[in-house]
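After the C-alpha cells below, expect a handful of questions from me.
Per-chain residue numbering starts at 1, and chain names A, B and C are given in the order in which the chains are listed.
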Amino acid sequence: MDELFAQAWTVARKDLLLEFRTRTAIVSTVVFTALVLTVFNFGRDPTAVPTIDLAPTILWVTFTFAAMLALNRAFQLELENQALEGLLVSPLNRTSLYWGKLIANLVFVAVVEAVGLPLFVLFFDVPVGRVLVPLIGVIALATLGFVAVGTLFSALVIRTRFAELLLVVILLPFLVPPLIGAVQITAQLLGGRPLSEAVGYFKLLAAYDIVFVSLASFLFRFTVDE
Amino acid sequence: MLSVEGLRHTFGEGGGQVVALDGVSFTLMPGQALAIFGPNGAGKTTLLKVLAGLIRPQAGSVQVTGGRRAIGWIGHQSHLYEHLTVRENLLFWASLYGVPAARRGPRAAEVLGRLGMRDRADRPVWSLSRGLAQRAAIAKALIHDPSVLLLDEPFTGLDLAAAAELRALLGELRGGGGGAAGRVVVLATHNVDEGVELATDVAFQRHGRFVHFAPRGGREPAGIAEAYRRAVTDG
Amino acid sequence: MTLAQKGRRITVLALVCLAAVYVRALAFTPVERLQGPAQKIFYLHVPAALWTEAAMILVGLAGIFYLFLKDPRLDRFAEASAEVGTVFATIVLTTGPIWGKPIWGTWWTWDARLTSTLFLFFLYVGYLLVRGAVRDPGLRARYAAVLGICGMCLVPFIHLSVFLFRTLHPQPIILKPSAPSLPGSMLATWLFSLAAFTLLYVGFVTQRYAVSLTRDAQRGERTGRA
C-alpha cells in the first residue's frame, strides 16, 4: 500500500513540476476562469436578475469549464516522446498512475478554484464570509467527483481522434449529478438557509465521490494496457 | 535470464487477422545478445512489447528474472519529458523503478558520466541536440541497472559515429565472456549490418515466426546478411 | 432461420403487440380524469423510459463481463443495446413534449426526469461517438466497456438527483414502494405495453447484433484480401 502511494506521489510530483516549469496551462486556465466570470457579468441583466440568484450557477459553470481544460492536458503531456509507453513498461502500478494523475489534476483545479473564488466574490459582491468553510467543503467534494471521472476519461480518449472534443462530450453527462448537488448547496449557503436543508445533496456528492473514485481506480488499468 | 515459450499473438479478428507472433520460443542467459532481423511488419516490435509486458500474448509465457524492474527499454521514442532537465528525468524514472532514494543521485551521476553527459545534466531535454537526446534516452533506460535490455531499432536516426558508439556501449553492457555475469540483450532491426557484430545469437523473423534461429558462431556479417536475404525473399 | 430473420420476426411481433396496446388504450381503457386523452401517451412514454435505462444497465453489465471474458459477442451486444437505447431515449424525448404541451402548457420544461433522459441520451451519443473514434476492435471494445460500466453506475445518480431536485413531473405511480395507485385496467394496458416494449428491445437488439456480425465478417474478408 505504501508503495502504491509512493509511486502515485512520484507521478503527481513530476506532473506538478512540469506544470510549474511550463506554466502555460495553469496561467491560461486561470485567465480563462477570469474571462468566463467577466463574460457572465455582461451576459445578464443586472436590473432584472439579482446577482445572488445567479451566483451559484456562475460559480459552478466557471469551475466545470476550467476543470475540463485541466483534464485535457493530464495525459496529453504523457504523449511527448511517448512517455506513457515508458510508464507502462516500468513497474509502475496502474492504480498508482491513476492516483498520481488524479492528485496532480486536483492540485491543478484547486489552484484555479483558489483564484476563481475570490474573483467571483469580488466581481459579484457575494457575501461568503459566514459560509466560507462549508462552501470550500462543497467545492472540494464536487471537484473530487468530477475530476475523478474526468481523469479516467482523459486516459480513455487520449489515443482517439479529436480527443479534446470527445472528452467534453462524454464527460458532461457525468458532471450533472455533482453539478446539481453543488449548485443547490451553494444556493442554500449563499441564501443564508440552514445547512440541514442541504443534507441530501451532501450525501449525493459523497456517494458520487466514493462510487466514482473506486470505480475509476479499478477501471483505469483497462484504458492503458494493451 | 529471459525465457519465452510458445508465444502467439494476433491482431484483428475474422479474415483480417494478422499473425504477429507464431510459436516463438527461446531462452537467453546473461551475456547473450539476440539480434532479431526481419522486414517491417514481421512482428519484431510486437515481440519486444510482449517481452516488456506491454502486450499480454494470447498464448505462451514470458519469464524474466527480476520482472519488470529488470527490464531496460530503448525504442523509437525517448520517453523523456522535454521540459524537465536530464537529471530530473533520470531521478523520476529511478524512483519509478524502485531505486532507493539515497542511491538515485549517485546512480544518475554514474550513468551520465558513463555516457559523457555530466556537464549537460541540468539542461532541459528540449535544448539538447538529437544525438544528445538519444544518449539521454539511453541513460534513462540504464538508470535502474537493468539486467535485460530490449532495443527496438535503436540505431534509427543516428549518424555513423553515434551508431558505432552505441554499439560499443551495448557490447560493454552485454558483457559476459570475461567472467562478469553480463546482461541479456534483445535487439530488433530490419538492417542486418547494424546489429550483427554485437549479437551472440541471430534470428530471422517473418510473419511472426522465427524462420531461422541459431548461435552466430563464427559467421561473418556478410554471410548472415546473405542468408537473411535468402530467408526473406524465398517463398 | 438466420439471426437477422429471427430479429425481424420478433420486431414485427412487438409492433403488432404495440398496435394492440393502442387499440386497447384508446378504445377500452378509461380516459384519465385530469389529463384527458393526452394521458394515453403514457403507455408509450413510460415503457420506453424504463427500457432506455435498462438498456444502459445492460450495456454496463456486458462491459463488466467483457473485461473479464474478452468475448467479442458481449461487445457486439453492448453496441446493439446502446443503439437501441438511443432510439428509445429519442421516443421518450419526443413523446414527453407532446404530452407536456397540453398538460404543462409548454413543449419543453427542465423537469428533472425529462432532463435526466436527455442526459441519458447524451450519454448514449457519447458512448457511440467513442466507439466510432477507435479503429482497433479490441481497444474499441475495452474503451466502450469502461465507459458503459461508468454509464451504468451513473443511472442511479441521475435518479437520485430526480428525487432531490424540485420536479414538475408526475410522481412515479407504478414503480413506487407502496401498491400501484393506477386503476386496474390502466395498469393492465400499461403492463401489456411494457411487454411489447420488451419484445421490441429484444427484436431490435437481435437485428442490430446480426448486422454487426455481418459487418465484422465482411471487414475481415476485405482486410484479409488486401
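Side notes on the structure shown:
FYI, a residue touches a chain if its C-beta (ideal position, glycine included) is under 8 Å from a C-beta of that chain, and two chains touch if they have at least 3 such contacts.
It should be emphasised that the depicted structure is a prediction, and the values quoted were computed from it without experimental measurement.
A centroid comparison over C-alpha atoms places C as the chain most distant from subunit B. Among the inter-chain contacts, the highest number of C-beta pairs connects A-C.
Taking the mean of all protein Cα atoms as the centre, the chain whose own Cα mean lies nearest is A.
Per-chain CA centroids place subunit A at a distance of 31 Å from subunit C. Taking the mean of the C-alpha atoms as each chain's centre, subunit A and subunit B sit 40 Å apart. Work out the mean CA point of subunit B and of subunit C, and you get 51 Å between them. Of all residues in subunit A, those that touch two or more other chains are 226.
Contact of a single residue of subunit B with at least two other chains is seen at no position. Per the touch definition, subunit C reaches subunit A in the complex via residues 67, 116, 119-120, 122-123, 125-127, 129-130, 133-134, 139, 142-143, 145-147, 149-150, 153-154, 157-158, 160-161, 164-165. Taken together, the subunit A residues at the contact with subunit C in this complex read 149, 152-153, 156-157, 159-162, 166, 169-170, 172-174, 176-177, 180-181, 184, 200-201, 204, 207-208, 211-212, 215-216, 219, 222-223, 226.
Those residues of subunit B lying in contact with subunit A across their complex are 49, 52-56, 67-69, 71, 73, 75-84, 88, 92-93, 95-98, 124, 140.
Across the complex, subunit B is touched by residues 7, 10-11, 14, 17-18, 21-22, 77, 80-83, 85-92, 225-226 of subunit A.
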